[in-house]
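Presented below is the structure to which this report refers.
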Amino acid sequence: MKYQSQAVAKPYFVAAIVLFVAQITFGLIIGLQYVIGDFLFPEIPFNVARMVHTNTLIVWLLFGFMGAAYYLVPEESETELHSPWLAKLMFWVFLVAAGLTVAGYLLVPYSGLAKLTGNSLLPTMGREFLEQPTITKLGIVVVALAFLFNIGMTVLKGRKTVVNLVLLLGLVGLAVFFLFSFYNPTNVVLDKYFWWWTVHLWVEGVWELILGSILAFVLIKVTGVDREVIEKWLYVIIAMTLITGIIGTGHHFYWIGTPEYWQWLGSIFSALEPIPFFMMAVFAFNMVNKRRRNHPNRVATLWALGTAVMAFLGAGVWGFLHTLAPVNYYTHGTQITAAHGHMAFFGAYVMINLTMISYAMPLLRGRTLANSSRQQTLETWAFWLMTISIVLITLFLTGAGILQTYMQRVSVTPQPFMAVQEQISLFYWLREYTGLVFLLGLTLYIASFFVGRKDPEPAVAN
Amino acid sequence: MAQAFTKAMARNIFYGGSVFFFLLFLALTFDSMGQLPMRDNRAALSSDLGPTIAHGKMLWEENNCIGCHTLLGEGAYFAPELGNVYTRYGNSTEAIKVFIKSRPVQGVENRRSMPQFNFNEEELEALAQFLKYVSEINSAKWPPNVQG
Amino acid sequence: MSNTLTIEGVRQPPGDFAIWIFIMAELLVFAIFFAAYAMTRMSHVELFNEFQLQLNRRAALANTLVLITSSYFVVRAVSAISGGKARSCLRWLLAAMGMGGLFICIKSAEFAHHFALGVNLSTNLFYMFYLSLTFFHFMHVILGLVILGAVAYKTRQGHYSAMNHTGVETAAAYWHMVDLVWLILFPLVYVMR
Amino acid sequence: MRKDDTANLGAANRTFLVLLALTFVTFFAGESHVEGVLLSGMVLGVALLKGHLLGEHFMGLARVRGVWRWIVVIWLFFPAMLIGTTFVLAAR
């Protein structure tokens, strides 16, 4: 850690991991509800538990991004953070807002929460991933603005690197496209059209800039490869991301009442969306192979490589699998989508956050370069357990999705939704068991922060 | 002299390419907005039933229906698609209302069950009209069959 | 003819290699577009033939000639700057841009004609392809003109010389790509039936 | 260096004229009463030739050694195969 103010990243990372645990817990609950329909019913119905699962995911990823920015920007800018106290204040504001929102989900019926928070004044609730009460959304805007101000001022007064600028651009885009979540017309088609401006342009647009810059930062640090080379790659990758991803939004405009030319445009451009992810995988391995040093934090390098590979598999391959309109006609809104969603979110955004935490947390906790060997071994186990589980979860959901698509949509005698669900429950059981393995991985991950923390750092092997 | 591949050029391509494709996206959005009136069943929204449908959408959102169901394929995959439920139930708003009303408070042993929301008659009508409105959006012949 | 000259050939295409990555991506998009056009046409031959015959082939002919000429002017511009003649390079670049502008005018007139008839992306499958392909290409011409304009400006400012003119070559490569795509687009959309 | 450029310019000049001429060939083929596979085949062939000439002498790939020389040729090949196949199938 080179600058004092980088320390504000630590609470952000801690909050991220705590919310990660909540996310997985609720993931297991809804996974069980898939097979034991009345589990926790009517106390915690599925929609509430799922909302907690997805919302805690989004919020912890945002915590992670903010922590990453607070850690990375001072170091890149070679200056102290503009205002550490503002960062700390915003941490508490965001944490309290998130905590109250989740408590609201769990303690009050959703319609009660809507009345309590005055949803009728500016209705924005009840749309997938944007279920937060309007007041929470406003809170997110305030936190994002304060955060951007803080980061922006730091970048302005210090050294401007490509990593810095791309990160800043991604974060500005994140804030700007979130504003579309306040647009909620009665017209369902318009509602959905611009809902995707937040959701798609986040995860297949500006978030990838954030992902790219964090990955570039960590690779610069752990491989010691010349910054020029890495920054050049970063530009090419994010250029390809936006070139394919912006019109690629069209793959969501096939069946929601939008003109039918989107079936062509969406298919053509989103078919190319795997390219930047492929380049990212090639890039990451290339840089590690060309490394000029053997950084003692081996597990951070492992996470970085894992991110590149899993993002390619999850977002690239599994996305391509059902992105062409003639295929999507049958798979739209089935477990295939769920399969893709799980691996893409884990591979791209969960893993990039864990990469950053793996690199930065030891330094934030007073290590000079890396955690002890025992800690790293444990974390490596966590890496493999979580990664393999998510691959299996994806495969099981894909199996469920293929069967569902066939029985409900393709077969000459299509069966009703619920009848099909019962016939594919085996896959849901397998998914749930694998989810327990994932939880084991997560437990080991958390243990790696505590077990062996007094051990010495591994020797630097050069 | 032979500079293979410069950072400045990569940067220019990033900025140029992004702006280019974003402008293209805006142009396509502009065209889409012009086409929507022919497809999105907005006539229903400006009819006498308009306020009822709007109320229905509000109820749809404030009870987080999307947390279990899909609507035109988007949402959670825990419960059936509702974009075409009106046609699946034989073009009957009554059937939709009867179903919503009949959900058991304590659920069904071992099975997935929709919660009992205790809607009044007016609310039931609003929801049913909302679902009827959605079913009449031109969704390019999706879903493939009535099962959704 | 120039065997002796090509022996010491170069390993990389002219211009900054980054532009070639971009060119490959763009060509890939167009290739998929062309393939989609051809495959869709297979099941709608009558429709495609009928509406294709209503296009203005003379305008397309003029546009092809204009783009080829423009591309040629850019070749002359690169040749001029590699001989150190910046003023001549600038003149060729401006001439090429003039030709690009002419393309824009002719194509705009064609679009105006279609829009006046009420044709749009949703009219039918043929017009969907015709409009999206040609409009996508049209946008590339505009982008190409912006790039040529930037390079012309820098040439005027004296940024390039016989030894250092990668920028001109880079812009040229992009402009030729725009031409190349049109050379396939013209026969495919206007003529082949 | 200078001699190199002059020679290339010669090739470019010739290419320019050939491209113009071939464009007219395509146009008049389209105006004639020839239709179907004959027309499509000829026009597609001309287009490929034009694309190749443009790549070689305008883009300057003729002087490039190694894989990159074939960028345009490879690009022309795949869509052309598909286009050709679909036009033949559609004509049957």
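We call the chains A, B, C and D, going by the order they appear; numbering starts again at 1 in every chain.
Rule of thumb we're sticking to: contacts are C-beta pairs under 8 Å (C-beta built on N, C-alpha and C of every residue); 3 or more make two chains touch, one makes a residue touch a chain.
What you are looking at is a predicted structure, and each value in this text was computed from that prediction instead of being measured.
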**OP:** Taking all protein C-alpha atoms shown, work out their mean, then name the chain whose own C-alpha mean is nearest to it.
**Re:** A
**OP:** Skim through the chains and flag the pair connected by the most C-beta pairs in contact.
**Re:** A-B
**OP:** Can you check how far apart chain B and chain C are, centre to centre, with Cα atoms defining each centre and the answer in Å?
**Re:** 41
Subject >> Geometric centre distance via CA averages, chain D-chain C, whole Å >> reply: 14
Original post:
Using the average of all C-alpha atoms in each chain as its centre, how far is it in Å between chain A and chain B?
Top reply: 24
**OP:** At least two other chains touched by the same residue of chain D: list those residues.
**Re:** none
Subject >> chain C residues counted as touching two or more neighbouring chains >> reply: 10, 12, 18, 21-22, 121-122
Original post:
Got the chain A residues that touch at least 2 other chains?
Top reply: 232, 236, 239, 243, 259-260, 265
**OP:** Could you tell me which shape the graph of touching chains takes: line, ring, star, complete or other?
**Re:** other
**OP:** State which pairs of chains touch, listing all of them.
**Re:** A-B, A-C, B-C, C-D
Subject >> In the complex with chain C, residue positions of chain A that touch it >> reply: 232, 236, 239-240, 243-244, 259-261, 264-265, 267-269, 271-272, 275
Subject >> Touch list for chain C against partner chain B, complex >> reply: 10, 12, 16-19, 21-22, 120-122, 135-136, 139, 143, 146-147, 163-164, 166, 170
Original post:
Which of the residues in chain B end up touching chain A in this complex?
Top reply: 5-7, 10-11, 13-14, 17-18, 20-22, 24-25, 28-29, 31-32, 35-36, 39-42, 45, 50, 53-54, 57-58, 60-68, 70-81, 105-113, 115-117, 133-134, 137-140, 142-148
Subject >> For the chain B and chain C complex, residues of the former touching the latter >> reply: 1-6, 9-10, 13, 16-17, 20, 23-24, 27, 31, 34-35, 38
Original post:
Within the complex, which stretch of chain A touches chain B?
Top reply: 30, 33-34, 36-38, 41-42, 45-48, 50-51, 110-111, 114-115, 119-120, 123, 125-128, 131, 162, 184, 186-190, 192-193, 228, 231-232, 235-236, 238-239, 242-243, 246-247, 249-250, 253-260, 262-263, 265, 329-330, 332-335, 337-338, 408-410, 414-418, 421
